[in-house]
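Heads up, there are several structures right after this.
Below, subunit A partners subunit B and then partners subunit C, in two separate complexes.
== the complex of A and B ==
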């Protein structure tokens, strides 16, 4: 839930006032700028360490300091990781689960919030509160009953156990958010569509959804990344090596005693890469979603 | 997106009671809207509220799991919680988690966002400021499990650990601290550092967006009046971004109460169960414990605390809002 608001800020880039720049920068300002940059370096430092050590041979790693550059580029760690772990499978599982959740949760959120925000069904304040609770509920509260439910349904170690669970959890947040958005949806547009004789389903599909699409795509992006990063319930539900997601695969590798350190470092680096790519691609989508102002 | 304060906005509408649907229709019936709500209601009922009730019920039973019979326990499990040292310890640790996930990131976030916005953004370049902001934010979207594995590599014990080698190089002596398994102090501190590292980008990004909302004329006027940077920050910036500070504290406090992965990956609750947090304790009892009823009681107690905290926050914010109005 926390990251949702952050999307908003991507749009509002701090625009420097030009006249402010005319006076020369003071030494104090230089110091502060350097401090801010050093802080950012501190944040990426662990990842730089990974990069520095992922391409060392096991012998090189054992004999050098983690701050040294590798003697020569060596791909043993990467190769071992790739050969011993089914990373493509985990990557596919993560992509499949996160995509399904993002799409299904957005659809479910739209249907719910249509009834709540546009239809103004009775007791909607309580309904919204119930969805909020559903989103806040700690996962360990759901763990055992859901485990038994999926066990009965034969869905354990099946991606659908995680897809179903997180579709509902994310949709709870989406419903909550979209209900207030649709509660303020411009009345004139709805009236015009009704006068034209459009049915409810048609108004939802051809009028409302296109107008709130920017918000929906932002929701989808966040649902995707939140699901990608989930840990507790996937850890509980997905137990076969074929069903692991990227975080689970790495956690399992970390727990194996015989894992060679360079293999682990290489695996960690590889596990970070999809997130970085996602980050680079969707920074702009997020911005577009918000600058479009959703409904205005 | 106007989503930053969804918790607060929704409440107001409760005062207006029965309103017509927003799409005008001749039939005027609102019944049809329930059709759209059916899939959502079934889903949330089956996946959230049925497990919620079932787990709450289980907390009043003893159950070994599997084919064993459930035995009614009354309040046994709940009473046992209060005498359970591990349970108490796990909730005490939550205070440290709140320091690491709420207080430190919020304070650091205020400083860093002001630095990036006021100094880097205005006096250097907007691009650099955006780039640094993205860098601070990056750990937020990394899977916590992956970040945890990375940190546990850095914090390995003996001379093979990255941090130990680093410290050895600086001090000239061989440093062999067992950070994660040696003592409660170093283990908890390590977990807290990971949490701060993960959380810091969230307030930075939100506060920077809030700072963009403050009108520059206010600052210019204050500057003309001879107010220094700190005075301006206290008198203008802080009051203006108070709603964001509130949202950040609420969401991160709830996240802190539910925290699981950093502890699971870094310390697995050790050494000697000292770094237990409630969520990890409940999970561990469900998996390894002999009484799932007791595990359910732990999970239920966390759920109650989360709901209570959420309600308190919303109440407080509503009071503040109505005072302002």
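== the complex of A and C ==
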């Protein structure tokens, strides 16, 4: 977000030195810029609401509009959230689960798609389609059978139940994407490697993976984010307070008829901080995702 | 890069081991029996699950119960808090799994606890009721929600849960606004209508509600109840006889609502308002009256700063919407059913119940004398008034699984003029009979 606004302000305010170098803006460019600014405002708006309301006392919140500034800075919402909920634990659970899923699902996708895309097994279109089914099945259908399975395996309230489930679901999508990518992988490179005496494992490790690495890192980031936001299946599998993930922890703040809104807002504010940090670290990988898929 | 990811994976793997090591299973060895016959449970663990806030009346009282329990039995309590909606979504599976708590709070009603009782996911508690005498503590109208028959319909059959608190619906009013207009707090229906007319003449909408959520449906039900007797409630809620949807009860409720809407006693804005919106209108001092439940009471006490508010029962009625609250159930996979009963019994003790009342809740088995706080006394006072006339009549949406949405849509239709009093009754009958004719 910050980069967007700074680059926008730089563009609107060109320094005299390079003024003659840049050509005047066309009306179309102005329109686009206004639209981009509006879009940015639209995206910042919810965070602004969080910031405005997280520091209100419950009485202040009840008596003012959500857009008003707080009467006085009040930290009870943040304090209650921190004291009543084990946020560090949930944060660790979320990071652990999402990271494991991202890493394992990418490894699994590469192995699958090596067989399907490079190995050119018979009926690969159907195999890929079968994989895609894992993504298309509504999670509500998986709820009961998987719950009973993990119950029998003794994996309930254990992060591995969620890791196994989502490694499979995410790897299904990864296999689909990478198979079509590797299907168009230049034969000459593979033949050259084979002539040099490389084994299949060596070809995968030293030739294919380095070439598609940008795509893999994008996939990994996406898997991480998708798993982070998952709600329904983690809700079913993770039942003890110690095993909750961040979205589940926030859900705990909703009451039957009443919700302590200021605590919920404060909790939401705290919980998006790791996401923002994650975004700042992987910002480049994410933007690279737009051009990913093209083989050099 | 490669090495770093490797190291990170190693760190994560170690963390995973630590995680699994933490979650040790509950032990279920039989308790040793002391010479005097009382069981010694030291070393045992009881997993208790509930979804009340830590600062809520129930949360405070149950924390005290946990202390007493640990002291007296020597066992330790593993408290798991969850959210109402979470448990609603997962209870059917959870209670029948290795992750099942030993005792849990659960939502009362046919579609929830009744359903679980019918499929055998929560334990029959008839023996425990006989042993501990809980039935004597629970009043009429409270115990109804603890009993379910083989089809999961409440009101008869076996006990499947123990309600620990009550809830009911009454009128919140703004004392300052009444005083400003020189209006007395109404004690009869005529006075109530006169008060509404006076506010309306002064340009103030007298009564706020919400047609999008439960408040207007509960107001409708209260109006019908004011013309009804206990048999009508049994017919409506327990399907004893067919309900006459053209009878005086429903006609009065529909006609009164239409009348009040026409006179501007209720604003037409209520179609788009949630319960929270309606509550905020009252808290902000924009409207003098709000008809809603005891679950608002604590919030009103803490959030209303600009004026004094009072509470009173709806005038001229013997029956009032309300019931026992959510209750303790013992899941079928509970590893400590005996300890669970001991724990439930502690939550029913006068001292725990008094603390529940003192903290703003509605105890089901407290001595009113034990409660010193004036605000708590006011609430328990009008609750006892309802109980003394055996007035608790449950909630309007209980008869069918979809009636909550059905009733709200008809209420919205009444407000925006899609229905008149009689077509609203016909529509409600269609929705109601659609389900009830199959179970009656």
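In this section, the second predicted complex is superposed on the first by the 228 of 296 C-alpha atoms of A that agree within 3 Å, B and C clash if a C-alpha of one lies under 4 Å from a C-alpha of the other, contacts with A are read in each partner's own complex, and residues count from 1 in each chain.
Assume a residue touches a chain if its C-beta (ideal position, glycine included) is under 8 Å from a C-beta of that chain, and two chains touch if they have at least 3 such contacts.
This structure is a prediction, so every number in the text was calculated from the model and none was measured.
Q: Looking at the overlay, what does A:115 touch: subunit B (first), subunit C (second), both, or neither?
A: first
Q: Just to be sure I read the superposition right, which of the two partners does A:200 touch: subunit B = first, subunit C = second, or both, or neither?
A: The first partner, subunit B, only.
Q: On the A-aligned overlay, A:188 touches which partner chain: subunit B = first, subunit C = second, or both, or neither?
A: neither
Q: Considering only the touch criterion stated at the top, classify A:144 as touching first (subunit B), second (subunit C), both, or neither.
A: In the superposition, A:144 touches subunit B and subunit C alike.
Q: Per the contact definition in the header, classify A:128: touching subunit B only (first), subunit C only (second), both, or neither.
A: Only subunit B is touched by A:128; subunit C is not.
Q: Does subunit B (first) or subunit C (second) touch A:215, or do both, or does neither?
A: So A:215 only meets subunit B here.
Q: Between subunit B and subunit C, which makes contact with more of the residues in subunit A?
A: Per-residue touch count on subunit A favours B.
Q: After the superposition on A, what does A:44 contact: first (subunit B), second (subunit C), both or neither?
A: The first partner, subunit B, only.
Q: List the residues of subunit A that touch subunit B in one complex and subunit C in the other.
A: On subunit A, the overlap between the subunit B and subunit C contacts is residues 143-144, 236, 248, 251, 253-254.
Q: Which residues of subunit B touch subunit A in the complex?
A: 1-4, 6-7, 9-11, 13-14, 18-25, 30, 32-34, 36-37, 39-40, 43-44, 47-52, 54-55, 58, 112, 115-117, 119-126, 128-130, 132, 134-146, 148-154, 160, 162, 165-166, 169, 197, 200-202, 205-206, 208-209, 211-213, 216, 244, 247-248, 251-252, 254-255, 257-258, 260-261, 264-265, 279, 282-283, 286, 292, 295-296, 298-300, 302-303, 306-307, 310
Q: Which part of subunit A faces subunit B closely enough to touch in the complex?
A: Contacts found on subunit A: 1-10, 12-17, 20-21, 25, 29, 32-33, 35-37, 39-40, 43-44, 46-47, 49-50, 65-67, 108, 111-112, 114-122, 125, 127-134, 136-146, 149, 164-165, 167-169, 171-172, 175-177, 179-183, 185, 187, 190-191, 193-194, 200, 203-204, 215, 218, 225, 228-229, 231-232, 236, 246-248, 250-251, 253-254, 261, 264-265, 268, 271-272, 275-276, 278-279, 283, 289-290, 294.
Q: Which bits of subunit C are touching subunit A when the two form their complex?
A: 5, 8-9, 12, 15-16, 19-20, 22-23, 51, 53-54, 80-86, 89-90, 93-94, 97-99, 107, 275, 280, 283-284, 293, 295-296, 299, 302-303, 305-306, 326
Q: Across the complex, what residues on subunit A touch subunit C?
A: Within the complex, subunit A touches subunit C at residues 58-59, 62-63, 84, 92-93, 96, 99-100, 103, 143-144, 147-148, 151, 154, 156-160, 235-236, 239-243, 248, 251-258, 260.
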